[in-house]
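Next come two complexes built around chain A: one with chain B, the other with chain C.
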Partner chain A sequence: MAEHTAVHRSGLTMPVVTPRFIDNAWRRGCDFINMDLEDSVPQNLKGYARTLIKDAIANVTKGGAEAFTRINHDLVLADLEGIVWPGLAKVNYPKAEYAEEIQTLDTIISRLERERGIRPGTVEIGANIETSVGVANAYDIAAASPRVREFGGAGGYDMSRDLGMEMFVGFDQFVYGKGEVELAARALGLEPHTAPFTANTTGSVGDPDRAFREAEAARKCGFRVGGGLHPNVVEPQTKGFTPTQEEVDEAHQILERYRELEVSGETWADIDGEIVDRYEAARARKLIDWSELCAQRDQEKAEAVARVERLGE
Partner chain B sequence: MTNNNDLPEKVRRSWLMASASQVDKAVAAPQSNVDVVLLDLVEFVAEKDKPTAREGLADTVRQIKESGVDVFAQVDSELLYADLHACVCPELTGVVIAHLESVAQVEEADALISQLEDQRGIPPSALEIVVALDTAQANQDAFEIARASPRITGLTLGRAELVMDLRPEPSGEIHLMQYLMQKLITVAGAVGVPAYGAWWREPDRGLLATPENTLAAALRGRAIGFKGSFCVLENQVTPLNQGFTPTTQEVAEAGKLLDAFQSAVAGGAASIRQGDRIIDSGAALQAQSLIDRAAACEAHDKAKVDALAGRPVPAP
Partner chain C sequence: MVPVTNDRFAQGAWRHGADAITLDLEDGVTPALKAGARELAKDAVAVAGKGAAEVFVRVNKEFLVADIEASVWPGLAGIMLPKVESPEDVIEASEVLSSAERQRGIEPGTLSLILLLESANAVFRVREIIAASERVSQVGLDESDLSASLGISASAEYDPHVYARGRMVIEATAAGVQPIGIAHPMGTLPSLLPDEDMLKIATDSKNLGFKGIVCPHPSWIASVNTAFTPTEEQVDFYNQVRDVFAQAIAAGTAAVPFAGRMIDVPVDEWAKVVIATSTACRLRDAEKQSALEAASA
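Then we have the complex of A and B:
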């Protein structure tokens, strides 16, 4: 299984039909922009909305973000025809329930990539689990296409509605579904993004402190994928999902200690209450690699923004 | 397929891992009052030391077995041939297969063990297998794996949180672990074998914890259905034995409950009120199994004392 190297710490989902959102998207500092055709677009604008994606791709990516589009569950063919253009990195498919749906998406996307001069396999599929049927079929859905590289869901409004649950209850009502989805992702070597529970009893989407705490907690549990609805959460998410310098220094120290341990022939050591063994070493290596990827991504974005500013937008 | 579930449930509350390359420590392990010594070839033997560690392993098994405790060897799913050849002997109770990924690996182990049993004069199907579901794929396929061999007499998550790199949430709970524990216990129940594990949480890490935290993890573990747990340090053995044994108070309460229920049944009722509780046949059965479990633990502890003192131990 190929190591996933995408950096998707922060992103904004926005209706593609609202020009002031789309025109300002490149200034937000996101790792990705998710242009929505689904819940935030009124029914009478569904057809029009998809015609906007082709030009919007260049617009939202000029600050270095990747361009994603969330399509409608029931308008797959028309939406894909409208949106799969060079520069599109990912199609988010809501309420995924069966592996066959993902295979259909894969087939259509493969054709469009061929017809439109896109390198085969470029466009990712985000198969979002938002229903009980989706949870029941999670493993098969995640395994349905190599385009599925990040996998998660099993929480949120749609899921709670589907299960007849309340949404803001102050405890984790999604333990089982989230467990199924995360385990499927891990078993298949995909990047899981069903974050651990952190209480949000009000439903606020624009609280920067909460966004930071949530991202930091998620990263500590091994998650690296963010995304939100409000510009206030972008920077806290980017920061929360990026290792701190202190953590990077500590990781180098663990690796150094592990090298000494290997020479000694021991398999583990307790050094001032810190365990050093191959598991800690593997984790330290992963943290350092991730930190380098984050730095690379931040530089790409900074260069892209500088380029736009130099050209006077 | 049933998995030896017609046999009485064994008392295996504490499993002390001892490195196969540290023979003296391994041979001394029964002195800790442990229920099972787990001779490890996977976690605590450096790669380069494995050939040497395998060489004297059967002898070490025999020496430990003299103390009367059960001896398991922990083998690597990817080194089955070498590991099993090194450990299979008449004194070995069974093997724990770690880093398991597939049903095929269990079948391979089963076939190899059968062959070795035959070659080494061990009655067929004598050796047990406990599977450590410590990888994501093994947990995904838990039910199929648990049914893959009639030798399987237990399931555990082993060091899943390390192998799968699961780390604590801000609450201190290890993320995903609650789901994995529930799944394991449900699958174990479905195939009729015990689940081994404890509810470790931050700051405990990878079977390492203070005696106090080990006791807390064992108590929480027993409460959700675990029957015992692996550990790494000798001072964790007593807390595990204690935590996985019903307390005298629990036994006394269960006895009272049972008496009350039985007299109600004799009087023609199906249930009885005790304080705010309704005691029916389900509650009575549960009380009975707690009493049985406590009795089994007591008998097991007595047998261990006798064995360590060199007195003859009655056959179970």
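Then we have the complex of A and C:
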């Protein structure tokens, strides 16, 4: 199983038909930009919207973000023909319910990669779970294509509508569904995209404090993938999903002490009330690896932005 | 839910404004009274329907045929089948219903089934159980019996059935069947609460995805009906959402901020649902009210 090295801590979903969003996207500091053809685009603009993606890919990625596109559940072929161009990293497919849907996407994307000179297997599929049927079939959907590398959902507006519930209540309405998608993702070695419950009783999408708390809680529960709708949440998400210097230092100490244990032949030690054993060592190693990936990603983005500024927009 | 053998409850249930009344032949009836209870069912079905409630009978799994034959009379909406363990249980009940429908001149396939899951096995097999018959219209957890079968002594402090409840809600909704049930702790420890607290717990139940609550006491009914009916504030809010969204579409976008939230297609779709539900609830309440008045006159 290949190690998952993608860094998708923060990202903005935006209607591709709104030029001021797209033109400013590269300045936002996101790890990815998700250009929407679906729920934020009016029906009468669907055809036009997909013609914008090819040029928008270059535009939104110039600050180092990866370019994603969310297509329409019912317009798969036309949308894919319009959007699969070099530079596109991921197709987000909403309301995924059956494995066959993902296989169809895979087939079409494979053909387009061939026709358009894209290295085979480049374009990821984000199979977004947004209905009860999707939760019920989560494992099969996640397993349907090797292009599915991150997997999640099971909350949000579509999910709550399907279940007939008001959102923004003070308890976790989606705990079962999130558990199912996480389990499916973990069982298949994919990166789960979900989060523990942090109350949002106002429905705000632009509260930076909340975004940070949510991202930090998610990271502490083993999740790495973020994304949102408002520029205010980008920086808090990036920060919340990135290990702090203190955590990295502590992880190095744990590894050092674990190496000492190995030399002495002990299996575990209690150091100032903290247990050090091979599980803690593995966790520390993982945290350091993730921290390095984050730093690398931040470096790439900074260089990309500097390049744009040097050359002029 | 009223025991058919309690004359006062069975005769008076229609006055309380419930959308459905289930006459119990099962756990609410002592073994010595089971046979006599069956003889009461026909009249009790007719009486329970006087206020326009849908009428169900909860049967004993071990007396399935006798109980169903005693209950299938005009005015019955369906059967509540407890202790379901397998698809075969559902198929068997459905077949008994088919033959009773034939005998009594009731249109084939019209009687529905409400399934109660009461064991780990039932929760695990929920998908195939629900799919076993077209008659299945609702499915619920009997949390007290589930606790007993899992060896759990219920306490209000901790919720032991988060997973079972969540699984049932997802699988039922996915299958197009209504999940019924209530938020912790009222499933395992039902009690009489002040209306305000009952309204809160019923609202939480709705927001867990349930479509209704089986009330063990008439004092629950008004709060439950209120909780599952969109409030005036919600209807006003979603009417505004619809206006704001329509203006946004006209302006060339389907994403528009409103009241601190982001309004896009699924929010507008949900707004339609809330507004339609409000109308349906109003019609249903009027139907019950006029039946109540006619029967009381």
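Please note the rule applied: the second predicted complex is superposed on the first by the 313 of 313 C-alpha atoms of A that agree within 3 Å, B and C clash if a C-alpha of one lies under 4 Å from a C-alpha of the other, contacts with A are read in each partner's own complex, and residues count from 1 in each chain.
Criterion: a contact is a pair of C-beta atoms (placed from the backbone, for glycine too) under 8 Å apart; a residue touches a chain by one contact, two chains touch by 3 or more.
Nothing here was measured: the structure is a model prediction, and the numbers come from that model.
In the overlay built on the shared chain, the residue A:T5 is in contact with neither chain B nor chain C. Legend: residue contacts after superposition of the two complexes on their common chain; A:A136 is shown touching chain C, with no touch to chain B.
Residue contacts after overlaying the shared chain place A:Y176 against chain B and chain C alike.
By the touch criterion defined above, A:Y279 reaches chain B but does not reach chain C.
Judged by the touch definition given at the top, the superposed model places A:R161 against chain C, while chain B stays out of reach. By the touch criterion defined above, A:T18 lies against chain C but remains apart from chain B after alignment on the C-alpha atoms of chain A.
Counting the residues of chain A touched by each of chain B and chain C gives the higher count for C.
Once chain A of one complex is fitted onto chain A of the other, the partner contacts of A:C221 are limited to chain B, with no touch recorded for chain C. Across the two superposed structures, the residue set of chain A contacted by chain B and also by chain C is 175-176, 179-180.
The part of chain C that touches chain A in the complex is made up of residues 127, 162-163, 165-167, 169-171, 173-174, 204, 206-209, 211, 234, 249, 252-255, 259-262, 264-267, 269-270, 273. On the chain A side of its complex with chain B, the touching residues are 139, 175-176, 178-180, 182-184, 186-187, 196-198, 213, 217, 220-222, 262, 265-268, 270, 275, 277, 279, 282-283, 286. If you check the complex, the residues on chain A that touch chain C are 14-15, 17-18, 36, 38-42, 45, 131-133, 135-136, 156-158, 160-166, 169, 171, 173, 175-177, 179-180, 202-205, 229-230.
Residues of chain B touching chain A in their complex: 19, 43-46, 48-49, 136-137, 139-140, 159, 162-170, 175-176, 178-180, 182-183, 205-206, 208.
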